[in-house]
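Each of the two complexes below includes chain A, the first together with chain B, the second together with chain C.
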Partner chain A sequence: MYHLDNISQKKGNTQILRGINLNIDENSIFAILGPSGSGKTTLLNILAGIDRPTDGNFLNEDGQVEKGIMVFQDYRLFPHMTVFQNITFGLKVKKAKNSEIKQRAENIMKTMGISELINRYPDELSGGQQQRVALARALILNPKLLLMDEPFSSLDEALRIEMLDFVKELQRKFQLTIIFVTHYKTEAYMLSNKVAILINGQIMQVDAPKKLESNPQNFDVAKFLGQANFIEGSLSSDNFSSPVYSGKVNVVAEEGKLYLPFSGQLQLDQTDYPAFKGNVVEKKWMGSNLERVTIKINQETVYCDLASESVSENQVYQFYFSKLPVVF
Partner chain B sequence: MHYYTDALNNKVFLKIFFRTFIFALFSAVMACFFGVVLAFLFKKNDNTFTKPFFKLAQLPVMLPHIFIVLALLQLLSQTGLVSSLLTKIGIIHSYNSFPLLLNDQWQIGIILTYLWKEVPFVIVSLVLVLRQMDNRYRIVSENLGATKWQTFWRVSLPLLMPAIVNAFIINFSFNFGAYEVLYLLGNQTKELLPVYIYDLYVQGDYTQLPMIMSLNLILSVFSIAFAGIVLWLSKHLPGGHTGGI
Partner chain C sequence: MESKKITKLVVYLIFAVLILMPLFVIFMLAISKTWSYPSLWPKWVDWGYYFRFLFKSKEVQSSLISSLELAIGTVILTIAIAYPTAMALSYYDFKGKKLLNVLVYLPLIIPSIALLTNMDFIMIKYGLNGSFFGVVSVHTLFCLPYAVKLLYDNLILWKDKYEVASRNLGASSLQTFFKVTVPMNKNGLQGAVMMTYIVSMTQYLSTLLIGDGNYLTLSVRMFPFTTSGKYRMAAVYGITFMLVTLIPLYLIDIWVTHKGRKIA
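On to the complex of A and B.
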């Protein structure tokens, strides 16, 4: 288990990280998800020993300060070195024996499927190949902890999915602990079963992807995760009143915003929680047998994802909540 | 054609040529060496100490050579200000005890003049590249376990090499072919090539003109060929392939 113990970072007058406390299981993939400027890279730099926190520690199970090997967002392959020279850089500076360097380089290049690129320079490689080389350069050092900064943001959609699977495979093969930061939630959800939400330098929530989506702990998390309607209204005790819905709610915070995620909260099948009657004005195909439906209720617009062909345009339907809705 | 063969068989010419080459090479190497060291010191543009020094370092690039020559003559000649000052405070007994730094056989005055202008030129050229590189590769290198020295030697210096080679070629070509500083601060017994050619020309012997022109051409062709060789060699040194960085 790795422990981030009250890590804070201040640069000038700007407080970038505020008392980060996290426990991360060894031999797992842990995602830190947050918007741009939330302090993700700063936190990763601290875990890589590139930066020092103004307060707090990053310790391993034995209470030792741990330093991870980083794979950077822009890969940062040394442009004047060939693939082989890039990959073996870490071993060379550690003065490993030439025979060992050669053997380990051959093995890692074979694992990464880049053996044929050995004499190429970084500017002769595609984005995916560069990422594999960057990973090989880190993994050749047999790190216990691998850190990845927005690892897939420069890749196109197809390659991103391929690399996500590949990284999972590497994690299993090398029994690595991988901590990666991203601002793409799908990336975080696909790669990790445990995701921490970092907003404004604070960890807001640590949960499984499904729980994050269904139970965001506060408005900031819900807003960042997006894909949700936030309906303005007034709150009196646990009763909410708005042009869309008036009735009982689960009050999490008293900002008076009804949280209706596009997916999973609204349905046509009857439940104990009737929502509203609305006119379906538009449908958009979302893939995987899903449609994004635009509903008009008293001049207000609400979006939700429903199974394909479950509603027709210009028809009024009674909608239900799957559970008592939340108000932030 | 026989003028070229005559020149290349002329021992005096070859001796002067070799001396000029060594002098130009030494000055250019020294300028690059000091320039690289100082560029690494000046690369931080947010440092209150290095920022004004970097601005100051740009000044000599703008000043003409003749300004430096005259300043050196005033300061470092045996009857100059430094010599007078040292005599007055009793460190040396007389003007003659002051070492011959100008018009000396080791070309110290010329080298000082060139360094005064060329070191800042190298600094300005390299600092701009260093600032563009910022700390990106240094951070990677240190994260992979390299020491500061290993990072400098294996990463920063090779990445800087194309800019250093360019600065070296410009400085060498200038040192090898420029005339006025050599004429004013050089030693007549250790003549350098541009002055040798000019002296031949001003002697007014028109029968020597084809020979003078062939010497000129040899000087020019050598400068270009040497630059080509240095560029070719630099492609095979670490940093020769930079992928446009």
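On to the complex of A and C.
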């Protein structure tokens, strides 16, 4: 287990990180998800030993200060070195034997599928190849902890999914602990079973992807995760009143905003929580048997994801909540 | 199209008149035995004169050695000061950064005679006048602005991001400097070394004043020949001066262009 113990970072007058406390299981992939400027890279730099926190520690199970090997967002392959020189850089500076360097380089290049790129320079490689070289450069050092900064942000969609699977495979093969930061929630959900939400330098929530989507702990998290309707209304005790829905709610914060995620909250099957009657004005195919449905209720517009062909356009339906709705 | 051609021609003409013609005159002076007014061309050309003079004259040889010693010393001291300064200015934000920036360029802003008079006073005070270190340190003062600027312009391109990656992979600061910073900054270093070498070679007043006449470099010896009308001698010094400047520049250029990959 890795422990982030009350890590804070202040630069000039700006407080970038505020008392980050996290426990991260070894031999797992842990995602830190947050918007741009939330302090993700700063946190990763601290875990990599690149930056020192103004307060707090990053310790391993034995209570030792741990330093992870970083795969940078822009890869940072040394442009004056070949792929082989880049990959073996870490071993060379540690003065490993030439025979060992050669052997380990051959093995890692074979694993990464980049053996044929050995004499190329970084500017002769594609984005995907550069990422594989950057991963090889880190993994050749047999790190326990691998840190990845927005690892897939510069890859196209198809390559991104391929690399996500590849990284999962590497984690299993090398029994690594991977901590990666991203602002793409799909990436975080696909790669990790545990995601921490970092907003304004604070960890807002640590949960499994499904739980994050269904139970965001506060308005900031819900707003960042997006893909939800926020209905303005008034709140009196646990009763919410708005043109869309009026009735009992689960009050999490008293900002008076009804939280209706696009998926998982609204349904047509009857439950104990009737929502509203609405006119379906538009449907958009979302892939894999799903449609994004636009519903008009008293001049208000609400979006939700339903199974394909479950509703028809210009028809009025009674919708239900799957559980008591939340108001932030 | 026609006007472009004319502009090009004018530029070449100006270049030829200002640079190539004086060079040609110096060259002809160095190999001519007799060339006096009103002859347009030398009456007698002796191609071996230059080399005989160069290899026989102890004065030229000692000047050459003095110039090279001072230039090499200045290059070492300048780069040793300029590199960390340029790195600090391009990588970090710190209090007094603007002041440091101004201080570096100060030797170019202050009139050199005022600076030299005061430097001479300081050197005498600390017993450094006439010494190798004294002359080199004053040469360094005039070379630093160029060296810092050339290194800074190259270092700012990547800032310290590759150094950060290197240290994260386990390299020490020294390993990072020699394996990452210097090879990636080869062009800046080339410019800084070349400029420092040339500026040091051409220092006349500072060498004479701070060196107390102990360092009779090529430029120090050349100047009186020119002012006293001994153009042929001055031309031999001039050609030697150009060769010892151009040959190292060419060698450094080969090192930068052919050793490893050119990256910026």
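The rule is short, and it goes like this: the second predicted complex is superposed on the first by the 328 of 328 C-alpha atoms of A that agree within 3 Å, B and C clash if a C-alpha of one lies under 4 Å from a C-alpha of the other, contacts with A are read in each partner's own complex, and residues count from 1 in each chain.
Here is the rule we go by: a residue touches a chain if its C-beta (ideal position, glycine included) is under 8 Å from a C-beta of that chain, and two chains touch if they have at least 3 such contacts.
Please read these numbers as outputs of a predicted model, since none were measured by experiment.
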Joint occupancy of chain A by chain B and chain C, clash or fit: clash
Contacts of A:A48 with chain B and chain C, given as first, second, both or neither: both
Contacts of A:E157 with chain B and chain C, given as first, second, both or neither: neither
Partner chain(s) touched by A:L141 [first = chain B, second = chain C, both, neither]: both
Partner chain in contact with A:D62 - chain B first, chain C second, else both or neither: neither
Contacts of A:Y121 with chain B and chain C, given as first, second, both or neither: both
Shared contact residues on chain A - chain B and chain C: 48-50, 69-70, 72, 74, 76, 78-80, 89-90, 93-94, 121, 137-138, 141
Footprint of chain A on chain C - complex, ascending: 161-162, 164-172, 175, 179-180, 183-184, 260-261, 263
Chain A - residues contacting chain B, complex: 48-50, 69-70, 72, 74, 76, 78-80, 89-90, 92-94, 121-123, 137-138, 141
Chain A - residues contacting chain C, complex: 48-50, 67, 69-70, 72, 74, 76, 78-80, 89-90, 93-94, 121, 137-138, 141
Of chain B, residues touching chain A in the complex: 136-137, 139-147, 150, 154-155, 158-159, 161, 238-245
